[in-house]
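Naming follows writing order (A, B, C and D), and every chain is counted from residue 1.
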């Protein structure tokens, strides 16, 4: 029996459906998630299947959505809320940073907030301004939040199940350019623990470190490099916080060379963090500086210009080329 | 409480069959004819943009079909130095204000985030993050007041946007500082798929004005002369230093949210059909025809002019305009940082290589 | 519009000289005596905390002196399963609700951000970021409703906080979802130094309710029985499934914002002096004395009990309680991340070295 | 004639006063800034001196304050707004990220926003929760913002003058623990350009890189190290964006060792960025990995615990000790 093919939107939909069905405390709400099934159809059919008490539309106010989720979690529920697009989570920033992230700590663990904030994020879909931000750094920098970014449809299913089951708040970043691409998804595979990276492609010459929408780009770069005789490995972080130092360092120590690939502007970003910690932890194994291939430090460009902004295969391979191969044995 | 009454019962001048309502003063016919021309242009623009989307020339278009009277009125009541703060749905209002339609469509064509110079016609960039622009409008008005300038600011938003915190803060700041701003809510009954009933259970959106200490007026949003009267009075109040007004237009979004949306998923055709006879164009046309102000020749002249505009839009949007990749670095700061200069060099090298 | 009237004219039962206002039903004397005890405790707590600040035992204390009737009433109208959402200024309300005062003062003593278990007495941590807690209150209430529980939520904030976007979003969500929540605004006329007139030019803060489609009631905030009546009715409405109410208490902050503030920089003594005769304690005391319910023995008993509470606060706050440096890592996540485990080891090594 | 001593609060006050006096378009507003003169007295006396049209209190709403500033800047003014404390800028996050940072770019430079957002920030004052956040990473990661953090009272004066004069929006981070410490301030010294770091102490063994409230801590560590025979240099960045690669790299290349010191939680922070870029740009000069001494990845602790959180002299010197001195010549 072959596993079914699903888009990432369908995989997330399945994860929501299974979680709602299995746990009475799971509720899904946000803007346009009920009747419409979400602007990306991620919540399609859930309202019809589970009714208004489990899946509902809210007034148009993101701080309201997240703030209400905090209260519902205080009262025993597991809210899964959707921010319609990355930049539209910013109105909820105070609630996320000052409460979602801190209430558990504030109350010495007496109150835990099992909230999932789903954010369709990043670019590559030709969206107009405010619809393509890679906002992970804001969340990853905030202690108390778990930050997850799946790169495969199977991970989207599994990690979302894990996120909903987590006692802690999770910012769940869905690379929106993946929503409509099909892959095999076996929902019976055990749910992966949050915090474990995975080596998507082993490689001995250098390691590409990526997450979310940059993973397939890194894989494409590695495939291209292979045709040119260079063996690049690719790590998919899956979770940004917690960070899997073990897997990352093991690979980089083996290859001695690393390039971090991420779509967000590079300055003070998650890519900076990865470069800094790899630099600190693998110093004596490094044959070359850790390079970052990221979005430029500019606002996300208009549709016709976005491909110049996004880290692509060529830019990654250019960076790999600078890893001082002339010194290599 | 006459204040509450004005906030609840929509003001009206022309009824749905194009007749003057009882007791109403007839609007000036030539002005109304000008308005009718605006309506025809706005409708034509909506249609043309929709066609360009279907041809793949525009990425997306949020249509204001059914709301054309609002689009025309909010622009026509403004004077030259006044400002307009539009949303993504208000392209027709921007064009009514004098912005070149092709420049206005730059955003939706994907060339850049804003295609016109906001200072030229005093039209802010179309706002995407909902309700945020209302605060900018308040700021422009407050600065004008501090500088002793006679500017009035027209700030647009939808029914859904009234739920955002920024709507509240903008109304409150405007009232407290007596800012010369008119908040004009086009209540088209939907925020994408979410109906008004899920947005608010207040007796009306205009009634929110009471909580800020400013007048709130409800008006038939498909009645051009009524809109021009109500908005004109609000502008006059603002200009006279009497502070802000909240105007709610009772209207309807005939099309889907954008072409990417499928309204049949969340509303019945019957509801749309109920609104079709309330069409803002028909009403004015019937009235002007009955009056004799709009004869066949004039109608033809208007239709031709609108067609000319549409042709220009087709040509302009269809033309191949080069975009400069390096421009993404050019405007982030007045002077690029050393970091951006470095990054620009990376891109340039790639482009030269390619 | 009786709705507007209730939002404008403060409800009152006892006048400033402690006499029942004309036409009012007399409150139950024993209940009022209980309330009086609460007022004395709240006043004593404010005084004791102030003294502890002067002695350097507490870092800071935002006093509710003058607002004690609000503090007592909002707790007394709640039943056991109900929730209270207080701010930094509502320590007396928290204590009235049953939280140990020493635990309540943990925050201001600097040991931890919240010293009590919110679930024990259903009292949320004291909110610092203004108006944010109102949304949490709505969430608790909405969850209760979905679960079919009979809970009511009392959500407190100040006049200044009504200007924040979160106030708006909370009121609107509550009204749209018919959440069993009572928004209780203690309008003490100042937000630190900023007077009400700079906060709002609405006819009243309760009038904001109209814009959300919920009842808005204004009440004399220094009149305990009136507060208990108005808040009690709002709680009953909420419990009956009739949705939220916005209650505005007309009161006054007698002390500075906190001990760190110097109110003489922004308000005249005269204004404060005008409010002193409206003291919430005096009024009830005079009434109960006149009634004969409060005799000297009972008064002494209440004073002694309050003194005992104050002594316990002094002892508890004064006691040396060890803080565990490593606790800063313990609660950030249910299970510490590997990163936090590493960082905890760094701190542990430093502490062992020292 | 000796230069007068001023606290940082007074230096900032003087900068505001001089800017208001010299430029009609400068306006100052926020919560409690007028009548009260600010909760830290930074705006003391300005309302009395310049009146309600130049210095005014607003309703209590941070998004409102910043959003109104955007509009006022569009209409020719130079607003200088105060967020009362670091965490109370979060309600304005959407306005800051989606408009303040991007409107200039959005309009191809047709509209520029000369706004200064003053934020009393960071800890060390025994403040309760939400009053001590080091929030610079959120702003530094956002393209379009200039981010400045003075460490001396003279810089507070000079950099604020430069910030107000800048055509671009500036997030001006005032280390609140410095507000009431006196130093000599010569207001006649030319205004320093934004974007230039300064070497506060030359040193040949290793370089401490710091900004804002961490500069005096780094200097104290260097002084302490000197008594133990180690010669540490200290760089004060002054501006985080733009970043002065030149000064930083010149120093690190000379010493071959670097420790970044910052109060914010370290993950995906400005310290990460500095470590990453120094690692990338100075790789062949480094004798040891770049170390970071930062706040832990926890919410800012309660007053009695904050000193365990803050990077102090000992923690810095411990980090310096790990810079592999055994290999040193």
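We take it that a residue touches a chain if its C-beta (ideal position, glycine included) is under 8 Å from a C-beta of that chain, and two chains touch if they have at least 3 such contacts.
As the structure is a prediction and not an experimental result, all values here were calculated from the model.
J.: Between C-D and B-D, which chain pair is linked by the larger number of C-beta contacts?
T.: Ranking C-D and B-D by C-beta contacts puts B-D first.
J.: Measuring between Cα centroids, which chain is at the maximum distance from subunit D?
T.: B
J.: So how far apart, in whole Å, are subunit C and subunit D when each is placed at the average of its C-alpha atoms?
T.: 36
J.: Approximately how many whole Å separate the CA-defined centres of subunit B and subunit C?
T.: 44
J.: Could you tell me the distance, in whole angstrom, between the mean C-alpha positions of subunit A and subunit D?
T.: 30
J.: I'd like the Å distance between the centres of subunit B and subunit D, where a centre is the mean of that chain's Cα atoms.
T.: Centre separation, subunit B to subunit D: 41 Å.
J.: Scan subunit B for residues touching two or more other chains and write them down.
T.: 112-113, 129, 163-166, 168-169, 172, 176, 198-200, 327, 332, 337, 339
J.: Where in subunit D do residues touch at least two different other chains?
T.: As it turns out, subunit D has residues touching two or more other chains at 58-59, 61, 63-64, 87, 90-91, 94, 98, 102, 105-106, 129-130, 143-144, 241, 243, 267, 296-299.
J.: Contact residues on subunit C for subunit A in the complex?
T.: 112-114, 117-119, 124-125, 129, 132, 134-144, 146-147, 151, 165-166, 168-170, 172-173, 176, 327, 330-334, 337-339
J.: What does subunit D use to touch subunit C in their complex?
T.: 31-32, 35-37, 39, 57-64, 87-88, 90-91, 126, 128-131, 267, 296-299, 301-305, 308-309, 314-315, 318
J.: Name, in rising order, each residue of subunit A that touches subunit C in their complex.
T.: 27, 53, 58-59, 61, 63-64, 66-77, 79, 91, 94-95, 98-99, 102-112, 143-144, 146, 166-168, 195, 241-243, 245-246
J.: Within their complex, state which residues of subunit C touch subunit B.
T.: Listed in rising order, the residues are 1, 4, 163-169, 172, 175-176, 198-203, 207-214.
J.: Which of the residues in subunit D end up touching subunit A in this complex?
T.: Contact set of subunit D toward subunit A: 63, 87, 90-91, 93-94, 97-98, 101-102, 105-106, 129-130, 137-138, 140-144, 240-241, 243, 264-265, 267-273, 275-277, 279-281, 283, 286, 288-292, 296-299.
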